[in-house]
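In the two assemblies presented below, subunit A is common to both, partnered first by subunit B and then by subunit C.
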Partner chain A sequence: MIEVDVRGFSCPIPVVRTKKAIEDNPGTPVTVLVETAVSKENVSRLAQSRGYSVDVEEVEDGFRIILSPSSK
Partner chain B sequence: MHLIPDPNLIAGMERAEDAGVYRISDDLAVIQTLDFFTPIVDDPYTFGQVAAANALSDVYAMGGKPLTAMNIVCFPVKTMDMAILNEILSGGLDKLHEAGVTLVGGHSVEDKELKYGLSVTGTIHPQRVILNTGAQADDRLILTKPLGTGIINTALKGGMADEVAVAKSVKCMVALNKKASELMLTVDTHACTDVTGFGLLGHACEMIEGTDVGLVINSADVPYFPEVVELSEMGMIPGGLHRNREFRMNMVEFNPDVLLFMSDVLFDPQTSGGLLIAVPEPQAALLVEKMHKEGIEEAAIIGDVVAHPKGRIVVR
Partner chain C sequence: MTRLLTPRTLIIIAGLIFGILAAFMVDWGNPSNMGICIACFLRDISGGLGLHRAGVVQYLRPEIMGLALGAFASALSFREFRARGGSAPIVRFLLGAFVMIGALVFLGCPVRAVLRLAGGDLNGITALAGVVVGAGVGILFLKRGFNLGRSTKTYTAAGWIMPVLMLGILLLAIFMPYFIFESESGPGSMHAALWISLVVGLGVGVMAQRTRMCFVGGWRDLIMVRDTYLFSAIAAFFIGAIIVNAALGYLDWGFTGQPVAHDNHLWNFLGMALLGLACTLLGGCPLRNLILSGEGDIDAGVTVLGLIAGAAIAHNFATTASPTGIGDFSVVAVIVGLVFCLSVGFLMREKIA
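Moving on to the complex of A and B:
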């Protein structure tokens, strides 16, 4: 499982790091840790546009976003 | 905040006006505004130009004539080359010259983060001030610049914007609203504001809040940079855009077939955006035609002022 921890970063950095992670690891689930609702929204948007399903879990210091490649 | 009423204050803090307007005599009022921010583009000279065009815009939005300006500078003297500051100031100064405005001074402080902007003073006839409010049912709404600079600036920060998109956005941000303002004064303009941080819909809400009219925006007619479609899908959404939507969504109704990217465009915070002008219907098409002739190529009629639903905006 790939994990991208972008807590403490504001947009667009979380999106940019997530994009790199999913491009470097095609077909692999990626977990992204973000701090703000804005980052959660933007990272989810990116993942959906790339065909990933998105599960968001609220955690103490932000959100854990689990991106799963859609089964083709 | 307790504000003391002043009979000479024409536009102050009680409403979200673009600038303060104060009556000096029966035929003269002074307009004051200031704006400064952190860099939104990499090139310092361009940043200076954008900051100046942006600061001047508030005076143009009131229908006024800017006369003088003062620089506001926050600069990390210890860590940044002074040549960068010179470039920024020269960008600002060139823009002032283009506008026919005289630089009369300024003030700088040391700061960890670079910021630049200007305070601008202008004049206007007290009877001819164009406020945000005043739009009347059956007016048409004109927007003079394309939308999307906030999304493109966010992508630029993330290294995700292509050069063509950035060039278009920069060209838009450095363009003065001078000509657009002069042209709107040749017709019976009822209301005007400039589109900046709250996005088109945020500023449109200010035009109708607490009034007897509402707006209909025809999304198909709204000019925007085509590159923002992909960037919006990619999540290159400025934090301010989400906040703008959250803040104003209760006044806005989207037709179900309006796409998400279009909602982004309409809430995108603009830097040095265009004027949003309410003009009587019979004069609107001619005004836009004049704007096109004067090089304001993307000016467009984007909607209508309506009697119902009042205090609300319908995007279709």
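Moving on to the complex of A and C:
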């Protein structure tokens, strides 16, 4: 499991880091830790546009986003 | 029903309303093609507070206080207010100052660039090309690991400083103590009634906080991740403004003789390239930073203070353009700004694992 911790980074670093993680690890689930609702939305939108399904868990100090590649 | 109100449709509606209001603000008293301009209005506030002595651009623009306080109220009611900061504040302050210096060479922020184009001022095209190229350079830095570091949670009281400061400037605008400056001629003397400006600012502030609209981020995401979400606000804003301008008879196509504008293409382009790059390094346009400063992001607050200081520097050091052309020191200032931004981009990188 790849984990990307971008808590505390402001726009657009969470998207940049998530993009790199999913491009470097095609077909692998990626977990992203973000702090703000804005980052959660941005990362989710990127992942969905790349064909990942997105699960968001609210955790202390932010969100844990689990990106799973579609089974196709 | 809920399907109709996706984030995408909401940001398009918000962009349209913003564009319509921005065009109407001219009819209600604001300067031509300057219904709303975050850079110009912060510059006017800088003058109103006496930080620069350019007599024609001094007025405490209530739109600005409305935007920040609208974002503050919105963030509080949607439980998104989070006091945070500590991500390279001094770098952000200077980037903010150079954003303003670049904007005042063109005479407008990325919002006014779109608004000018929607009024027929074709110099808006040169300016937007500059924003896009600047953002493109910023993206190269982002891809190479550039960032300004993490922010951390801080005291809630610290997050309240910018909203309280904005409330203070609003009180100064209402009560006008004698040390506040107000233009008697020029753009600073042209303004809508205080309550109209304030209400429009508050409304747009709430919409911008909810939709995260950003007039540099829109171009950035389009290039970087082919994401059109933020861009759709820019497009909708343009459409809203151009329809109202056409209806009110304000459309006047051309490069020359445009209101509060000049047509030095090279420096319009480079001034806005400086702005596009600095904003991409900052993560948002002046509007977005103003909104974030109301949400408890004290780094964005520092950026806004940098924008205000930048306006003072720009006018005091003759780096601003005027309708007759660029200023005596515009060229030097833009070059210094580009060198600063490129240094930040090259030197503040970490290796991405």
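The rule is simple: the second predicted complex is superposed on the first by the 72 of 72 C-alpha atoms of A that agree within 3 Å, B and C clash if a C-alpha of one lies under 4 Å from a C-alpha of the other, contacts with A are read in each partner's own complex, and residues count from 1 in each chain.
Simple rule for what comes next: a residue touches a chain if its C-beta (ideal position, glycine included) is under 8 Å from a C-beta of that chain, and two chains touch if they have at least 3 such contacts.
A quick note: this is a predicted structure, and the numbers were derived from the prediction, not measured.
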First (subunit B), second (subunit C), both or neither touched by A:49: both
Subunit B versus subunit C as contact partner of A:61, first or second or both or neither: second
Touching partner for A:41 - first (subunit B), second (subunit C), both, neither: both
First, second, both or neither for A:13, with subunit B first and subunit C second: both
Subunit B versus subunit C as contact partner of A:30, first or second or both or neither: neither
Footprint overlap on subunit A, where subunit B in one structure and subunit C in the other make contact: 10-13, 15-16, 19, 36-38, 41, 45-46, 49
Touch list for subunit B against partner subunit A, complex: 154-155, 157-160, 232-239, 242
Residues of subunit A defined as touching subunit B within the complex: 10-13, 15-16, 19, 36-38, 41-46, 49
Subunit A contact footprint on subunit C (complex, rising order): 7, 80, 82, 84, 87, 142-143, 147-148, 150-153, 212, 214, 217, 220-221, 224-227, 229, 283-284, 297, 299, 352
Interface residues, subunit A side, partner subunit C - complex: 7-13, 15-17, 19-20, 35-38, 41, 45-46, 49, 61
